[in-house]
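Every chain is named by a letter (A, B and C) in the order it is written, and numbering of its residues begins at 1.
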Amino acid sequence: DRIQCCAVQVEKAPSFSVGKKFQLDDIIEAQQFDRDTLSAIFEVACEMEKIEKNSPGSQVLKGYLMATLFYEPSTRTRLSFESAMKRLGGEVLTTENAREFSSAAKGETLEDTIRTIEGYSDIIVMRHFESGAAKRAAFTASIPVINAGDGPGQHPSQDDIKDYLTSKGVEWEESADLMEVASKCDVVYQTRIQRERFGERTDIYEEARGKYIVDQNVLDVMQKHAVVMHPLPRLDEITVDVDRDPRAAYFRQAKNGLYIRMALLKLLLVGW
Amino acid sequence: DRIQCCAVQVEKAPSFSVGKKFQLDDIIEAQQFDRDTLSAIFEVACEMEKIEKNSPGSQVLKGYLMATLFYEPSTRTRLSFESAMKRLGGEVLTTENAREFSSAAKGETLEDTIRTIEGYSDIIVMRHFESGAAKRAAFTASIPVINAGDGPGQHPSQDDIKDYLTSKGVEWEESADLMEVASKCDVVYQTRIQRERFGERTDIYEEARGKYIVDQNVLDVMQKHAVVMHPLPRLDEITVDVDRDPRAAYFRQAKNGLYIRMALLKLLLVGW
Amino acid sequence: DRIQCCAVQVEKAPSFSVGKKFQLDDIIEAQQFDRDTLSAIFEVACEMEKIEKNSPGSQVLKGYLMATLFYEPSTRTRLSFESAMKRLGGEVLTTENAREFSSAAKGETLEDTIRTIEGYSDIIVMRHFESGAAKRAAFTASIPVINAGDGPGQHPSQDDIKDYLTSKGVEWEESADLMEVASKCDVVYQTRIQRERFGERTDIYEEARGKYIVDQNVLDVMQKHAVVMHPLPRLDEITVDVDRDPRAAYFRQAKNGLYIRMALLKLLLVGW
């Protein structure tokens, strides 16, 4: 099955009952979600999966208009949100290159842009190059804002992750031995080594790039129930022959991202 | 109330009765509209406001297809038209960068492009960099064309405005005293000083830029019923603290532009 | 009449009967079509023409989502496909500049991109700069792929055409005498001399460009039933005064391309 939504059983709290308003006005950062809310969202995502597969032409969001306000292009993310909206019968206004094309180039503040765009749409999905931009947009807008990335704000550094895990009481350890780690863990979450972070030091990039590659050898030591995840796009950090293994979860992961986005759009616009 | 549509009372002339064809085939320039037609359009815009607020999923323009043919990008204008079309149940084909991407780059004439696009859509909203382009497009097309700006053609110079006012019998005077003007008039229509018009003379731009700024001091002398308007985007020619004053009308103005566009699309495609 | 669909009479073979699955999974190249299939598709295109003219708001493809994945811009082709989809009640996800904007810029393979996009949509219309890219996409995707051009792959050279005609048993001859050819043939299929093929040799381009021009003189010697076709955009290889002649078929040709695309989308998504 494509979504592991039944893994966590939550009793339906009153605040999650059908028809009730969603607790959040905007989706800005992961810290907004507690475990119960996440579980309830996953249940809605499961319903969304059924809608996408069985009832083409859903009208759940008919008459609603989403604006994708992208100050830097991210086609994958944009298409995922637009597909989510359209799968639910909603409509979309698109700006793929707001930074260069829009009034921003003439010096307009983000706040002024938001006050204009909120007049044209019912929800704004925004990607911006500056950390904190999504929060500013949400503060200004009288309609919901979803953060589809705001610069480094959405990409916490490794140290942040360590701090986060520690603060949540999660035990963790670092290791340079991929094979040992792979043999023990339930999830191998591989990521692209981001060339753009290395600047001119392409030598360091090249060294880092080839170091940990998930291939058939890694699969061989992984547990049967474990999965390989990846946010995509991938380069060579997972070899193509891994794709055929049922534990390769990254394309399912992308598809599940669609269901989560459908769920969030539904929750923000019409509630539980 | 957000639209001042009741300010002018017009008796409904027979040509404006519901179901009748709209008098205009295309919307090219302000000179096409007499006062009666304008008033009647404002009434339709009021209906449009109700549609936008109360009945999401209007089907007034269901099955109609609008092409936004933009030879230079103008995200704000484009999104406003696309929102207007979609709020009425219509659909949109978008070209944000026709100059660079389209057949224009291969040397195709505007007329040939129009003859192709009119085969794909029911109405064309065009922005072009050449004065007169909208009129040429309207002459060629067998479907309605709306001018969303054609170079300097849409931006009459100050001298033009003076001539226009004089020709209409409107008395006016020039003044360099913003405070005095503000204290007497009903509408302060502020505009952005357009840097792109100054070329290399950034010194003159900088001088012009700081000269007339609408701020709390200006508000203090303005009449209670007066409003501050601005076509947006603004830079610093209206300070942000003005936004909180009920006389700050510029964001309402943008929203009302949406209703006018909804009205024009409705009128051109299905009539009064 | 705008489509010559009745020129070829075909008995409806069982495989073309209404409700049956379309024989093709993807549309990649002209060689996929035999004459019977082509004729049957033309009949569907005739139905599509009626839908476009008489029943705005067709719902034949309601609930279906088409992704236009364009690695190089081609506004005319893109709008034609998007119009076709929307005329049938379907919805569209657009990427006009996938090469620069998408994950391709980060080094993602076409196959990985396709596996993501197929999760967001029901059919992919792709334009790519590399010959063979459409076939690779179709091989990867579990949903239909339509090739909207893949580099030189879609533009067979003149030698290819000669070989193709010979292989099909079609007699042909070359001539440098436009007037003689025009007076004898049923179809004058003019094309743009593609400057981009001449590289730095603009002198040869200029020489080739002015050589064969279809103008009133050519029309004068053409047979009454013959037509002038052109894939558009045109430069000066057909003079504008030819447009008024009923034998000028190129704008009808563009419109008919829309009906063919409507037919192909309908056939691939819901069958005969």
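Everything that follows uses one rule, which is that contacts are C-beta pairs under 8 Å (C-beta built on N, C-alpha and C of every residue); 3 or more make two chains touch, one makes a residue touch a chain.
On a predicted model such as this, the values are computed, not experimentally measured, just so you know.
One copy, chain B, sits rotated relative to the other, chain C; on C-alpha atoms the angle is 120 degrees to the nearest 5. Interface chain A/chain B: under half of the residue numbers present appear on both copies, so the contact uses mostly different residues. Separation between the centroids of chain A and chain B, computed from CA atoms only, is 37 Å.
Counting only residues that touch two or more partner chains, chain A has 94, 96. Only residues 62-65, 67, 91, 93-98, 100-103, 106-108, 111-113, 115-117, 119-122 of chain C touch chain A when the two sit together in their complex. Against chain A, in their complex, chain B makes its touches with residues 55-58, 73-76, 79-80, 82-83, 86-87, 94, 96, 192, 195, 232-235, 240, 251, 254-255, 258.
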